[in-house]
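Okay, so chain A shows up in both of these, paired with chain B first and chain C after.
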Partner chain A sequence: MEQLSFSTILGAWIAAFLTLGIFSYLYRDNPFYKIAEHVFVGVSAAYWAATFYWTQIYPNLFGRLFAVGGPFENIYVIDKGHEFSVLYFFPLLLGIMMLLSVFKQFNWMARWGIAYTVGIAAGLKAFGYLKSNVVEQIKASAVDLFSGSMPFFYNDTTDWYGDTVFNNIVLLVGTISALMYFYFSKEQSGGYGRFTRLGVYFLMISFGASFGFAVMGRISLLIGRFNDLILFSGPSYDYGTFWMLGFIIAVLAYWSFKNPEKQEV
Partner chain B sequence: MNDNIKRYAIGVVGIIVVTSILSQFHIFKSERAFMFAVLLTVIMVLLNEIQNARKDSESIFLRTIPGLKAVEEAVGRSTEMGRPILYVPGIMDMNEVETVAGVIVLGHVAKMTAQYETDLDVPVARSIVMQAAREACKESYLSQGRPEMFNDDMVHYVTDDQFAYAAGVNGIMQRDKPAACMYMGKFYAESLLFAETGNGIGAIQIAGTASQAQIPFFVTACDYTLMGEEYFAASAYLSKKPELIGGVKAQDTVKLMLIGLVLVALVLRAFFDLNIVPFNIMDWIG
Partner chain C sequence: MRTLENIILKLGSVDRRVIFVLIGLAVLVPLLRPVDLAIRPGEDSQKVYDTIEAMPENSNILISFDYGPSTRPEIHPMTLGVMRHLLSQDRGHKIYITCLWPDGLYMAKDALETINEEYDLVKNEDYVLLGFRPGNEAIVKGLESDLRKVFTVDAEQTPIDDIPMMEGINSLNDFQFIFTGSAGYPGTFEWVQYGGDPTGVTLSSGTTSIQVNEVMPYVKNEQLKGILAGMPGAAEYEALIGIRGIATNGMAAQSYGHIVIVLFIILGNLAYFITQRRERKY
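Let's look at the complex of A and B:
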């Protein structure tokens, strides 16, 4: 049997403890869940701040302001393969203005950064949305209805599949009826109301399929955690999962005895 | 209405002529000509409808959206129960249009909480969103004449990490037991974690998002869900500002135009396939 280092085993025990701590939420909110939650939130906040600084701000901003061959070369150099660009003083300034918002009298300065972010995003995405949501939708909906490159129903052995006229009609009716559901300027009643109701059915069918697909993904994530717990329960990890499980159950039992759940009135 | 149709017909013809002329002179890539024409058409419709709404927004009919009526109901319920309202503006930054819409709706919710003197709790996952949400809430409390009720801590940062944020918000739900939970913004896999926990604590839940993959989870676990366009129209419904109502009306007009375009493209494509017309419209669309 492979002998693992102390730090690896310790890491596995902590992972098992935190995983079981999060799972303990299934019972009710308890100190183990609180520990796992606060460690998770605290560590991730710090990790994101550090990662963001070292992967984005340091190379992409300071790497350009203090580039090799730039005007500040004699003061400080960050060699990240970028050239000096004076334009990058602008994001630096916006960043400083955001930070200054901690002082009440400079609070207004943060609005500039927010306005810049929203304005740039709106401009950049306008084209993208029109292309993907409008033009591509028109192209995808203008289907082959009449020439019939395939018969009305295509039946190869037992299954229907392929670009049949029937499929294309369903696609067209589904698209238009679902689009009409989101038409706000008319009351959804009578024949028009029934047509938009059809659109809702199409939407719900697609949501159902999407729901099932996502649940499958979640189950694979759960299996991943269980795989780790099973791995850590082996002798090479000194039965970490079992020890942690026993510890959590024992403490939870004592804690529950001392803190019975209050009934809502 | 007739005036509008005339105006749009003339406008569309003008746009087609301008686009044809510009593409002849190679001002832009010829394969982008259709996109250019669509962009100009959308801008034209938007400006026209906003102008119409400014003249007379009262006459513009907008059908009711049940989820929006429920927002006020939820604030009222929280007030009666003496519990806070939890508002989650999604997990993405201000460069997402859904987050921007979420912050706008937050402003309206904050106005109601100021009126009803109800506690509002807004945990956020992005620093810029925190700043924008604080500004929105502060303005709402000021506009309702209740600046003393606003404090910076009602909008607080949790973490950028998706699941750590979800764990943090779930913890807040469990401990504070808000009477109403509102999820308005861009969501990913954490959506069901929020909605299930909210359901577990018995809160009235209203969700609004255009994240297609997350709508099913909200539909399943929330009391009301604003889907896609409904969510974007929410700020117009709540504020009743002529500019925003005009924007919703413009979107409706663009939708009708799109359906018309789809049907025309469908027929022309069929004619091309049957060798009745010599050109393929699909090539022109690009």
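Let's look at the complex of A and C:
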């Protein structure tokens, strides 16, 4: 049997405790769930802050301001392979201005930083969306209706395999009817109303597929947690899962006895 | 008939905790006692496989680990599968690893540790771990224009000018194939919009199930060459490369979990309609 280090076993026990703590919410809101939830939020925030500082601000900002050969070489040097660039005082200044939002008399300064960030993001997003989501998708939707270019089913073991015009028609009708549903300048009644109703059905099928995929994703995550719990229940982890499960059940039983669930009237 | 209706009504109004326990058991039991299910690769997984098969020898392949521990069960088998496929071909492909997610770095290290046990890779000769850079889509855009501005050092602070494998790698255009294991933002969408589409470099993706519906238009329009869709996609890829991994083992649990959910959806709906009919009657 593989001998694991103390820190690995301790990590596994903590992981088992936190996983079971989150699962315990299924019973009711309880201290174990709250501990796991708060630890998760705190660790996430701290992890992100530390990672951002050490992977971005320190090497890419300070690494350029205090670069080897720069004017501040005699004060402090950060050698990350960058050359000194005076332009990087600009993001530093904007960053400081954003932090000043905590002081009431200076909080107007934060708007400069936010405006810059929003402007950059909007410019960057507009380019990507227009090309990949608008132009390319319009091109992809504009199929030759009678080309039969889209197979009915992929699976060649069925009789339905082969090129047909069916999917081209579905694509055309689905796209137009769903778009028409969001056109509110004309009353959706009569034949037009029935057509937009068809668009709603297309949208519902799409939402249904999304829901199905969401459920599948959640089950996959559950499988991941169970796999870990099964792993940690082995002798190489000193039966961590069982110990944690026993501990949580015992404490929860006592806690429930002391704090009976209030019945809804 | 009335007895059956009463049973359905009872089952339809069962406490949610009972449903949780049943789903839990349906998922747990097949994991404890593995069941073999036939896995037939779908069109989209097959396309990813064929794209990698068609790569010319000595290709530069960029793999981006854009996920963290929370979505590891779904995405990790995909990135492992793609890496195994690339290396099993023994065609001199070189792997470059980036991460748009901070915890993606640890996923990449974990994957390399697993792969190293099987293929005995040499760091900076077979692969380069470039690591994580924050900036989301701006990073992809930066890689597209000048990779060396985004990455001056690799994940272990080695200057990339000192890594021979980085010679001739200046932007995304120097890669023949990009694969992103993506769990959300930033991920597949950003790689399509700022990486694949502007450069024309072949791009494939492995995504969480929840993203599949939104990503599919890119696949159908060939902006993405295939997709590994959630855990089933990973299992299909494992079937294609002939390696039974954690995704294949999870498929029975996935299927049984779904059966329980579908049964309760049907029961819930039947109970709703029966209640409605009875209310109309009286």
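Brief remarks on what is shown
The working rule: the second predicted complex is superposed on the first by the 245 of 265 C-alpha atoms of A that agree within 3 Å, B and C clash if a C-alpha of one lies under 4 Å from a C-alpha of the other, contacts with A are read in each partner's own complex, and residues count from 1 in each chain.
Operating definition for what follows: contacts are C-beta pairs under 8 Å (C-beta built on N, C-alpha and C of every residue); 3 or more make two chains touch, one makes a residue touch a chain.
Please read all numbers here as calculations on a predicted model, not as lab measurements.
With chain A as the common reference, chain B sits beside chain C without any clash.
By the touch criterion defined above, A:Ser210 lies against chain B and chain C together after alignment on the C-alpha atoms of chain A.
Within the superposed three-chain model, A:Gln3 lies out of touch with both chain B and chain C [touch as defined at top]. By the document's definition of touching, neither partner reaches A:Gln105: not chain B, not chain C. In the superposition on chain A, contact of A:Asn74 is made with neither chain B nor chain C. By the document's definition of touching, both partners, chain B and chain C, reach A:Tyr47. Look at A:Lys139: by the touch rule set out above, it reaches both chain B and chain C. By the touch criterion defined above, A:Ile230 lies against chain C but remains apart from chain B after alignment on the C-alpha atoms of chain A. In the superposition on chain A, A:Lys131 contacts both chain B and chain C. Looking at the shared chain after the overlay, A:Ser220 reaches chain C, while chain B stays out of its contact range. Touched residues of chain A, counted separately for chain B and chain C, are more numerous for B.
After the two structures are overlaid on chain A, the closest C-alpha atoms of chain B and chain C sit 5 Å apart. Once both structures are placed on chain A, chain A residues 47-48, 52, 120, 125, 127, 131, 137, 139, 210, 214, 217 are touched by chain B and, in the other complex, by chain C. Contacts from chain A toward chain B in the complex involve residues 22, 25, 29, 33-34, 36-37, 40-45, 47-48, 52, 98, 101, 110-111, 113-114, 117-118, 120-122, 125-127, 130-131, 134-135, 137-139, 141-147, 149, 172, 175-176, 179-180, 182-188, 203-204, 207-208, 210-211, 214, 217-218, 264. Within the complex formed with chain A, the residues of chain C that make contact are 17, 20, 23-24, 27-28, 31-32, 40, 42-43, 70-74, 102-103, 131-135, 137-138, 141, 152-153, 157, 159, 161, 189-190, 192-194, 197-198, 208-214, 217-218, 220-221, 223, 229-232, 246, 250, 253-254, 257-258, 261.
Chain A makes touch with chain C in their complex at residues 26-27, 47-48, 51-52, 55-56, 59, 80-82, 120, 124-125, 127-129, 131-133, 136-137, 139-140, 154-155, 206, 209-210, 213-217, 219-224, 226-227, 230. By the touch rule above, chain B contacts chain A in their complex via residues 34-35, 38-39, 42, 60-63, 65, 93-97, 100, 127-128, 131-132, 135, 157-161, 163-165, 167-168, 170-171, 174-175, 189, 192, 202, 212-213, 215-217, 219-220, 227-230, 233, 248-249, 251-252, 255-256, 258-259, 261-262, 265-266, 269-270, 273-274, 281-282, 285-286.
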